[in-house]
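Common to both upcoming complexes is chain A, partnered first by chain B, then by chain C.
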Partner chain A sequence: MRNMMVIARREFMAYFNSPIAYVFMVVFLLLSSLNFVLAEHFFLVNQATMRPFFESLPWIFIVLVPAVAMRLWSEEKKSGTLELLLTLPMRHVEIMIGKFLAAWAFVALTVLLTLPMVFFVSMMGELDWGPVIGGYVAAILMGGAYLAIGMFVSALTKNQILSYVGAAVVCLCFVVMGQGNVLHSMNDMLPQAVHVFTSASFVPHFENISRGVIDTKDLVHFASVILLFLGLNYLVLDTRRHA
Partner chain B sequence: MREGLPALFTSVPMKQQSVSPASLARLSALIAGVLLCAIVVMLNLVGMNAYGRLDLTQDRVFTLSDVSKKTMGGLKDVLQVKYYISRGILPPVSEYEVLEQEVADRLAEYQAFSSGKMRFEVIDPLDGRRDISREVRDRLEVEGVLASSDMVKKADQPFPIEFYSAVKLYYADKTEVINDIRNVTNFEYDFTRAVRRMTLTKLPTVGLYFTSPQAGLQQGGNYAGVSELLRKDCLVRTVDLGKDTPVPGDIDVLFVVAPEAVPDRHKYEIDQFIMRGGKVAFFLDCFNPAHMQQGAWGQQAVFMRVESNLDDMLASYGIRAVPSVIFDIDKCGVGRRPKRVATRIGFVEKMEIVRYPALIRTRKQNYEKGLSFINQLDDIAVRHAMYLEAAQSAGAATVTPLVRSSNRSWVILFEALITEKPFEDSMENPEKCIDENNSKGSQFMLAGLVEGKLRSFYADKDVPEPAKEEPPQGMEQPQKPPEPPRPKPETVKETAQSNRIVVIGDSDCISDDIVFHPPNAQFCANLVDWLSSGEDLSKIRSKLGRSRPLSVRPEMKIWWQLGMVGLMPFVIVAIGVGRSIMRRGGK
Partner chain C sequence: MIEVHELTKTYGDLVAVNRVSFKIDRGEIVGLLGPNGAGKTTTIRVLTTFLAPTAGRLTVAGHDVEKDPLEVRRKLGYLPESAPLYEDMRVRDYLRFVADARRVPRTARHARISYVADHCGLRGVMGRPISELSKGYRQRVGLAQALVHDPEIVVLDEPTSGLDPNQIVEIRNLIRDIGRQKTVILSTHILQEVAALCSRIIVIHRGKIVADGSQAGLREQADKESVFFIAVEAEPAEVAARLGAVQGVKAVEKADGEALPGFHRFRLLADKSADIAPRLHQCVTGNKWRMSELSKLSVTLEDVFRKLTRDE
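What follows is the complex of A and B.
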C-alpha cells in the first residue's frame, strides 16, 4: 500500500514537470466550456442546469483521456525504463495501481477545475446541486474507466500514437454502443444484443448518475470496467515478465 | 514469489517439457482473462438485481414522497399492479431500454411501503414478438390498456411503430390504467393519484359559480377547459345560486369565476359558505376583455368596467382588488393577434412581433416561497390582470401575496384607461412607461391568500332578501295569494375561526385561451388540492417540470460568458507560466 502511494505521488507530481499537463487542462477546459456555453446555447436555453455540460463529457473524454493514458506504459517501454521499473522491490500490482491512481487523480483534478463554471451558473439562477454532484461523480468514475482502458492498451504497445488511437477506439465503442442509431441498427440485425449493448455502454450509466441518482448498478458497472481492464493490464505485465 | 492466477497455472508440475514457459504464461493469462471477464459479468448481473440508490436531487425527484408512502401505508385491501411492456418493439433508444428497469424500481419502492398489500408483475403482452396482433390489441383494449406510438428510423426513413408501456391497477372492485408511460418523470404523480382515486371514499368536489351568461361551461363558454382539467382529479359541477339556495354542502372548493354584478343574496350565500369553512377561490376581472382586444390594436377602445359587487365583501376579509391593469415587460407574452412591425434597412425588411405587456408570464421567484403548492411552479400566465392590495380586515386574517409581477411592471388605473391611450403607449414605449409609473421598481400582487379568522361581511348587516320571481312580461299578474307568515330570520354565521380564501386579479388565467398553458393547469389543480385537502398531491406534482430560469441582464451576458469560458484557462496558464519562471529562476 505504501509503495503504491509513493508511486502514485511521484507520478502525479511528474505530470506538472512538463507543460503537457497545463496544455491538457487548458484544452479540456476550453473544449468543455465552449461546448456548454456556445454549442449547447446555454443562454438561449436560459436554464440554470449543468446537464448539457456533463452530457458532452463522454465525447470530450474520448479525445483527451487516452492522451493521459497513452504514456503510462508505452513511454516506459520506449525509453526502456519498464524493465527497470518491474525489477524494483515492489509488486507489479502496486506499480500498476500507483500509476493508475496518479492518472485518475490528474483527470479528476482537471474535471474539478470546471467548478468555477458551476458557481457562475449558480449565481445566475437556482441550481440543483444534486445532479451537479452526481455529474462530477459520474465524470470521475467514467474518467477512471477510460483510463483503465487506455492503460491496458498502453501496456500492449510501445508506440504511443498506437496506444492513443487504440484506447480512443475502444472508449468510442463503449460510448456509441449506447447510442440510438447503433441500437436501432442492432435491433434490426440482432434484437437480443440490444439489451447487452445498453448495459455495457457507459452512456446510460453515466446519464443515470449525472441526473443525481447514485445507483448501485451504475457504480458496479464502472467499478467492474475499471477492475476488468486493470486485471487485464496486470495479466499483460505478468505475461511479459514470464516471457 | 509467483502470485495470482497465472502463478496457479505455472506452478502445476508439467510432464511435457516441450511447452515453453512463455507459452504457458500466455495460456494461463488467457484463461485468467476469461475468468476475469466472467467474474465481471457476474458482478454486473448481481449489481443489476441489487437495489440501492441515493437520490441527490433537491426535490428528491427520483424518490417517493411522503404522500406516496402515506397513501401506500393506508391500503386496506390488496393492490395488484400489472406493468405491460412490449420488450420486442420498444423504440431502440437507451431511454426506453432502461424504462422497464426504472418503472420496476419505482414499483418495488411502492411495494416496500405497502406493508405487503401491493403485488406487481411485469408482463410482455406480445411474448417478445415484434408485432401487435389483432387479438392482443382487442384484448388489451377491453382492459383499457392502449398501445403507444412513436417514430423510428428505418433505412433513413421515419417509420411508425406501436408498443405497449402501461400500468393497470386493481384494488377491490376498482381499476385504474396509466397508459403511454415513456419515462418515470410523471410516474409517481400518476401512480399515487391512481391509488388515491381507488382508495378515497370521496373525491373533492369543485363548484364553479358564474354570473356572466356568456361564460360558463355550456357550448361557447370561456371556461369549459378548466372544468375538463379539474375533472381528472375531482368532481366538478356548476353552482346555481339563482334559486337562493345555500352553496351545497358537498362542495369542497368553490371557484367564483369572472363575477359580474353578483346579486346580494348570492354574495351572502358565498359569505356564509366561507364562514362554514368552505374554501373559495375568486377569479376577478376589472373590465370586459372583449372590448379590450380592439383597443390593443390601436383602434378606438371601449372599456367596460366589470363591477363584481364583491369588492366590499373582499375588503372586509382583508383584501382589495384595485380596478386597474398591470403591465410587465420582464417576461411578457405575445398577444393573441400579435402586432407585427416592419422596419426597413436598405432593401431588407425586418418583421418584428411586438410583445404584449398586458399578457404577463410570471416568474417563480415572484411566488410565495413558503407554500409548496405554488413555489415549485413557474410561468403562470395572466392577461389584463388587476392588482390586489391588503385592506383592513374585519376579522384577524392576514394577506399573503401568492403571485407578484416583476419589478419591471407598472399599473394603469381603470379611470386612466378610459381617458387616455395607455395601451398604445405601453406597447410603443414600455421603458418609458416603467420610468413614469414605477421608477421604484415596485411589484404588484396578482394573486393573494387571505388566511386566518374571517369575519362575515353580514355580521352586523341585514340578510339580503331572496330575489322574487318575476312573471314573464305580457302575462297577466295572477291574483296575489295571501302572504305566508314570514320565516324566522336567518341566523348569520358571523365568523370562521380559521379559513382561507384565494383571490386572483384575473379570470383569463383559467379561461380556455390560457388554462391549457401547463403552469396554469397545474396551478388550478394544485389550488384545488391545497384548498380541499392540505397539500397532499401537490407535493408530488410540484416536483415535476421545474423550471430554473436564469436571471441575467442581457448586457451582462457577454461578461458571464467570458467568465465561464476564459477564467480557469487563464488561471491555469498563469500558474503554468509562473511555475516555469520560478523553476528557471531556481536553476
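What follows is the complex of A and C.
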C-alpha cells in the first residue's frame, strides 16, 4: 500500500511538472462547456439539466483520456527510466496500480473542475441532483475504464503517439459498439452479437448511472473493464522480462 | 556476495549471454570488460532482476533473483546505462522519491540525502530540474540515487560513457570512493577504466567469459609468449628460415613498419624465456647480417584485451 502511494504521488506530480496537465484541463473544460452552448435545445427547453454535458463525455473522453494514459509506460520505456522503476524493491503490481491511481485521480480532478458549471445551471432552475451525482460517479468510473485501456496500450510501445492513437481507437470501439445504428446493422448480420455489443459498450452503462440509477450491474461493468485491462497490462510487463 | 552460475540469456535466436559463471566476494570492485554487444548489459540486467534468465542460477547475498527478486532489489543500488532519470523532477524531489521507494526510514531520509548530495557533489544543483543538468551532473544524480539507501552492492553500467575527460576523472574518483565501503560491479568497454578502478577484471566476449582475474594475472596469462621485432639486411626467405631455427622461436613473419633501405623487418613469436634476445643476436652476427633493430614488445593490458576479444 505504501509502495503504491509512493509511485502514485510521483506520477500525479509528474502531470503538473509539464504543461500537459494544464492544456488537458483547459481543453476539457472548453469542450465540455461548448456543449452547453451548442446543444440546440438547452436554452429553448428552459430546463436546468446537466444532460448535454454528460452525454458528450463518452466522446470527449475518447480524445482526451488517451492523452493522459499515453505516457504512463511509453515515456518510461523511451527514456529508459523503466529499468530503474522496475528494479525498485516493489512488486510490479504495486507499481502498475500506483501509476493507474495517479492517472485516475488526475482525470477525476479534471472532471470535478466542471462543478462550477453545475452551480451555474442550478441557478437557472430546479436541478434534479440525483442524475448529477450519478453522472459524476459514472464519469469517473468510465474515465477509469478508458485509462486502463490507454495504459495497457501504452505498455505495448515506447512511442507515445502510437500509444495515444491505439488507445483512442480501442476506446472508440467501446463507445461505438453501443450506438443504435451499429446495433441495427448488427441485428441484420449477427443477431446473437447484439446483446454482447450492448453489454460491452460503455455508453448504455454510463447512461444508466448518469440517470441517477446506480445499479451494481453497471458498476461491475466498468470495474471489470478496468480489471481486465490492468490484468493484460500486468501480463505485458511480465512477458517483457522473458523476452 | 554474488554468484552467477551458468547464466544463459537468449533473445529469440540471438544468444546474448552463454553459460556465464562467476562469483564476487564482499568488498571487491569488479569490472565487466568487453566490446560493445558482448553481453555485459544483459548480464547486469539479469542480475538486477530487470530481465529473467533463460537458464542458470543467480544469487545476490544469498537470494535467488527469480525466487526472491524483491530481496535482491533491496540489496542493490543500480545505475543503468546512460543514467535514465525523470527529467521533469528536481534533483531533491527525485532523490526523495527514490529514498521513499527504497524504504529509507523517514527519520533518516534527510540525513541520507544530504550525505549522498555531499558525496556526489550535488549540493549546488539540488533545486534544479534534472532536464537542465549537464551529462556529468546527471551521472552524479544517477550515482546518488544508487547510493541513497546505503546498499551493500552497487551495480554500474557504463558509468562514464558520454562524459568529457574531466567528468570521467571525477566520476572515477567517486566510484573509487564508493568501492572502499561496498561491493561494486561496473561494466565498461574502456580498458583504462577497469585498469584505473578494478581489483578484478572479467572479460566478456560474444556472451562468454574469456578471462577472469586481477590485472597482473591477466597480463601473466597473456604473457606466455613474447614478441620481438628485428630488422636485418639480407634475403627475406633466408632470414626467415635462419631465425625460425633459433631455439625458442615459434614463428617468424614479415612485419610492417619503417626499415632502412635494403633492410627487412620481421615479427617473431618466441617462448617466454630470458635468453631469446642473445640467441637472436648470435644468429645475426653468425650470419654476418647488418641489423638495424632488435626490440621486445612489452605486453600491455590493451594487448591482452585485444587478443582475448579478437574476432577471427
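We adopt the following convention: the second predicted complex is superposed on the first by the 240 of 243 C-alpha atoms of A that agree within 3 Å, B and C clash if a C-alpha of one lies under 4 Å from a C-alpha of the other, contacts with A are read in each partner's own complex, and residues count from 1 in each chain.
As a convention for this text, a residue touches a chain if its C-beta (ideal position, glycine included) is under 8 Å from a C-beta of that chain, and two chains touch if they have at least 3 such contacts.
Bear in mind that the values here come from a model prediction, so they are computed numbers and not experimental data.
In the overlay built on the shared chain, the residue A:Ser122 is in contact with neither chain B nor chain C.
Comparing chain B with chain C, more residues of chain A are touched by B.
By the touch criterion defined above, A:Tyr234 lies against chain B but remains apart from chain C after alignment on the C-alpha atoms of chain A. In the superposition on chain A, contact of A:Met90 is made with chain C only, not with chain B. Of the two partner chains placed by superposition, only chain B is touched by A:Ser224; chain C is not.
Look at A:Thr81: by the touch rule set out above, it reaches chain C but stays clear of chain B.
Residues common to the contacts of chain A with chain B and with chain C across the two structures: 91, 242-243.
Note for the complex: chain B touches chain A at residues 3-6, 10, 21-22, 24-26, 29, 32-33, 36-37, 40, 43-44, 46-48, 50-59, 61-62, 88, 92-94, 97-98, 130, 152-154, 547-552, 557, 560-561, 563-565, 567-569, 572-573, 575-576, 579-580. Of all residues in chain A, those touching chain C in their complex are 3, 6-7, 10, 13-14, 17-18, 79-84, 86-91, 241-243.
Of all the residues in chain A, the ones that touch chain B in their complex are 16, 19, 22, 25-26, 29-30, 33-34, 36-37, 42-43, 46-49, 91, 93, 113-114, 116-117, 120-121, 124-131, 133-134, 178-181, 183-184, 186-188, 191, 194-195, 198-199, 201, 203-204, 207-208, 211-217, 219-221, 223-225, 227-228, 231-232, 234-236, 238-239, 242-243.
Note for the complex: chain C touches chain A at residues 11, 45, 48-52, 70-71, 73-74, 76, 78, 80-82, 84-89, 93, 97-98, 100-103, 145.
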